[in-house]
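Some structures are shown below for you to check.
Both complexes below contain chain A, partnered by chain B and then by chain C.
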Partner chain A sequence: MALAEPRFAIATPRSREGLAEVIARQGTGFWVVAALLVVMPLIASPFWLVQILAYAMILGMIALSLMFLAGYGGIVSLIQMTVAAFAAYLVAIFGDSAITQISLKWPWWTAVPVAILLATLFGTLGGALSVRTEGIYTIMITLAIGSAFYYLTLQNYTIFNGFSGFNGVMPPVFLGIDWGGTVPFYYLTLGCAALAYGVVVYVSRAPFGLALQGTRDNPRRMAALGFDVVAHRIAAYAFAAVIAAFAGVLLVWYQRQVSPGTGGVGPVVDMLIIAVVGGLSRPIGPFIGALVYVLLRTFALDLLDWVGFEGKRYQLLIGFGFLVIVLFSPDGLIGIWQRLRERYRKSREAQDAQMRTGGGAP
Partner chain B sequence: MSAVPNLERLSTASSGNALELRGVSRLFGALAALSDVTLSVRPGERRAVLGSNGAGKTTLFNCVTGDFSPSSGVIRFFGEDVTAFPPHERIRRGLRRTYQISSLFTGLTVIDNVYLACRGVSRNRFSLRRPRRDDTLQHAAESLVDAVHLTAVKDRLVGELAYGQQRQLEIALALSGAPRFILFDEPAAGLSPTERADLVQILTSLPAHIGYIIIEHDMDVALRVVESVTMMHNGRIFKEGRPDEIESDPEVQELYLGGGHG
Partner chain C sequence: MSDFIGRRPIWSLVILIAVALLLFLIFAVWTPWMELTFGRKRVFLSALFNGITLGGLYFLVASGFTLIFGLMRNVNLAHGSLYLFGGYVGYSIGNLTGSWFAALIGAFVIVALAGILMQVLLFRWMEGQDLRQTLVTIGLSIIVADLLLWGYGGDTFQVTTPDWLSGPIQLPFIVALRSNGEAVMMMYPLVRIAILIGAIILGVAMWLALNRTRIGMLVRAGVDDRDMLSATGVRVQLVFIMVFAFGAGLAGLAGVVGGTFQSLQPGEDTKILLSSLVVVIVGGMGSIPGAAMGALIVGLAEQFGSVYMPTYAVMLTFVIMVVVLAIRPQGLAAVRR
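Take a look at the complex of A and B:
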């Protein structure tokens, strides 16, 4: 169904089909990647499993929540990283950490749901504040909320423990498994990321997602069809916030700590870069963008050293990579992939046509 | 939004009219696109609004649907004061409209466009669950597509449709749910003679309880599908009557039909 069409093309015109049909329709590429991800612990080292893949999937989930809003709703919200950081903070505050005078030591099965609930509420309220703005103004207002949150966590010591934040936040031990262990944490992250991906794909073709795409393309007509466009957009913020909140919980378990820098302006903008580099047109884009981002961050230093440049300039390489991708493909890596496939298909069709005319031309 | 005090709104509670406008004006800066328009249409009545370009016809529609709020005046829909209502609230009460320039979801299929329209006036607009195959709204959408003769292209993307087909889809969207009153904004614009005949057939075969107002420059279409005519000029109503009265009115001929119909 992948057409190299406009940036926000709807993934498939067939909007109503069962889960079994969706699964049956997936190409071999999907199954190869899925199988590879499942057997990855047999192949990859712990470093690759957690530092690269799990981290990329966590960032991918946050970027996915941004992609859901931007790709289907036309809403460029920079609040998603802040929602994740807020969830991360709440896990540390309600649960256990090394900062014993603040952490409430609730068991994880109370702390995590409450954290996700409150973070979702926060994301929804932020959405309600910015929903009546469009384009650059949405970016501005969500960035302002993000900055306000950053400075709040930096300067508040009674709840957020200021500059140092919380360390010693451990993943739980549950069902006899230490979820902080390499392989369990990898599968936990994989499970959450796959679920988030599947839910976004499913909802994008459910009435809610279909109507959201309608509000993106033609809000005025949607109102003239009886839809409350503002309410619909706020609901989209809420839906995206749930995904970002889940990712925030995983993030604090991955880093074992959370500090103001987690939700700083840097990560907020990084999230936009990840989503744009990956591609905003399909839910897989943010995950690809996140993987590229994590790989660049991890290996740019070595790569530069190897070529003979100053290793400390790895940010330059990241920036340059971002520029190149956006310049050559406004719809990100997904767009490049789709165009390559389209070209391959066309050249094959042309070959077939040539053979036909060659064989039986009058 | 309205400058009219509440007392006046309450004074004539239920008039039995489908649509009633009292003293509706709309200013764009110093320009009065509508000035002091008072109009009432009975349930099931079919009326044409005629007038030259800039007469205020489309502004009238935009005020009725709530795309613009009027600068002053009161709008009642089946007795209910809807002046301050947002568009979607008016639509949910049975008002529908079509647009002069097709306003569709070109990235969606025909059936999905109509399905969205059916969803918009039903409950569960926010449903996260995909509908099953035997979904009632799905059936409603299919029969609407059939009613405007688009079944053959129902799975095509709207952007790929011919112009005339897009105009027909525009009408299908306005017929979704249980419409009580429809505003048609130049539905025949750009249609071929055959398509015009189709359009006339669709309009005349609408259920009798559905009233409408139609803006139309093509007299052959407009005067065949209505029982009353309102003439507008420079944002004001200056004549109302039956189609034959309007056609033979010397003032109308001078102002509107004059040049073109020699």
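Take a look at the complex of A and C:
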């Protein structure tokens, strides 16, 4: 867990701080980004709105659930993408899709809650199974569970419709708005992502989150203090599974289809890459990682062609980028940003100090 | 052995009965009633042998994986890539020289060198940082997979079997009786038998090397307490490099072996990695006998699964893993510390 351990600047819990205080505490950067995201439909083209930003936010939510487990619980679970894929499948199975002989055609307001509930249950069960293991073992076992799910969806035709999966899964029309439209869908994902972000920030400072961070830093001491470490970890899995399940529902509405590849080994590992590249120390990290990832996936082809390299090799680019980040900045892009800011501040302070002392006495 | 029988009389009896039943199933001439319940005897026997030989291949891959993990706590998720790399290297060497043995040895040496490079250039600098090492291996596996795709394309390759190993041989098992009472014997590809024997010899040699030589002693000491070993003046880094080279080399060798009786193509690396993960989880991390046991179980489960319940063959191995995890989380053969 060496990666996740150091320098988590956890804010000391303030007693009973109101919403207004929380809002007032945010820096200008937060407000600029928030305002920019809200007015984005006025500036950006539909392609950027949905293919880049909405997609990045959906992936960011799944990676956020991974970040919550890894950053606050010290549990690197690769099961999150599988939970999302399971939720996506359930929406297609209970709701409506082009595969009419399997889909049950429930209205979305029953299909979606049931899908989220079952996916959460799945994530919790997977967590309960892998919670018996620690650290590095967790990666392996969750990876194995994930690939078991992948093979199940690939080979089962009665429920999961095998290789081809489900297509024609449409976002619902609700309150007279077609949520599959560009702008409504963008706002839907923005709302969900913001909600997930806020909830994670809140939980990380709530007693449960603090106890979870305690179990990350020293499980033995927490157990001695009377906290049930295993129960806290399973609860963390359950909480993360809820976020991943929501993201899974959005994912199936975004792609309008779901197939075994959605939860394959590639995407499962990609989620870890996104979370690590963004940074595991803060909830904003996964979203940054997801944005970088989506941008790379979309434009690497052109970029590589432009520098005179074969465009098909974008996987190489992603691999190298990931390797460089892991080797040189263990806390991801956020870590780089923080270090740069730190250095800038230090040089400013040094300058100020020099000015004050009059700069070179003799 | 007698100790085990003394401690677990009931389990010993169950195991004994199971073994006896298995031997009966293998050697007996099946009655029509048995053919009705289990299907043709030929199918049963070939599933059994395919499972055991597949287990031999899995053992080759997983023993390197488990050795590296046991000593260095490094979950090498690039192990599958080393396997595929070794397979492609062996294919190229085999094409150039026309010799299967040259391919085998060449793949071992070249992949072992790659392993040394990985250990010296990367993992040495992040010792004790498990997660970071794992992430680095993930990055490496992505890069290697794409480089191999670049170099060899998406086609399927097969390493040519040498003449003296190709073709089937007759095994002393009766598959069925002809109407005139003549026994039909089982025919089985020689190369698979050879690979199985090779894997068994290698396993025994590894066990002997680990338990009877000085280097093996160092490795075992390193598995138990790395810091104490280095405190006694042993150059632990050298031991690490050797073990990493050997483990990686085994993966490369297994690549050639797998390329001979299966095939090489992109995606094979993840498949083999997942299999060895399950093998190692089932058998117990860092234990060579555990790897052998796990490899046998997974190989048999895959083959019998694909014969008797084809839809869920791959699921079966994972179900076994989950059951083992639930009952004995440290793996079947691991010692609890």
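The criterion applied here is as follows: the second predicted complex is superposed on the first by the 344 of 362 C-alpha atoms of A that agree within 3 Å, B and C clash if a C-alpha of one lies under 4 Å from a C-alpha of the other, contacts with A are read in each partner's own complex, and residues count from 1 in each chain.
To be clear about the criterion, a residue touches a chain if its C-beta (ideal position, glycine included) is under 8 Å from a C-beta of that chain, and two chains touch if they have at least 3 such contacts.
The shown structure was predicted, so the numbers you read here are calculated from the model rather than taken from an experiment.
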Fit-or-clash call for chain B and chain C when the two complexes are aligned on chain A: fit
First, second, both or neither for A:152, with chain B first and chain C second: second
First (chain B), second (chain C), both or neither touched by A:218: first
Which of chain B and chain C A:141 touches, first, second, both or neither: second
Contacts of A:307 with chain B and chain C, given as first, second, both or neither: neither
Touching partner for A:132 - first (chain B), second (chain C), both, neither: second
Touching partner for A:202 - first (chain B), second (chain C), both, neither: first
Touching partner for A:76 - first (chain B), second (chain C), both, neither: second
Once both complexes are placed on the shared chain, angle at chain A toward chain B and chain C, C-alpha, multiple of 10 degrees: 80
Touching partner for A:43 - first (chain B), second (chain C), both, neither: neither
Per-pair minimum CA distance [chain C against chain B, superposed on A] in Å: 10
Chain C contact footprint on chain A (complex, rising order): 1-4, 76, 129, 132-133, 135-137, 139-141, 143-145, 147-148, 151-152, 155-157, 265, 269, 272-273, 276, 313, 315-316, 318-320, 322-323, 326-327, 330
Touching residues on chain A, where the partner in the complex is chain B: 6, 8-10, 13-17, 202-203, 205-208, 210-211, 213-214, 217-218, 220-229, 232, 235
Interfacial residue positions of chain C with respect to chain A in the complex: 73, 75, 122, 126, 128-132, 134-136, 138-140, 142-143, 145-147, 150, 270, 274, 277-278, 280-281, 285, 311-315, 318-319, 321-322, 325-326, 329
Chain B residues touching chain A - in the complex, by the definition given at the top: 65-67, 86-88, 91-92, 96-97, 99, 103-109, 112, 115-117, 119-121, 124-131, 133, 135, 138, 155, 157, 173, 176-177
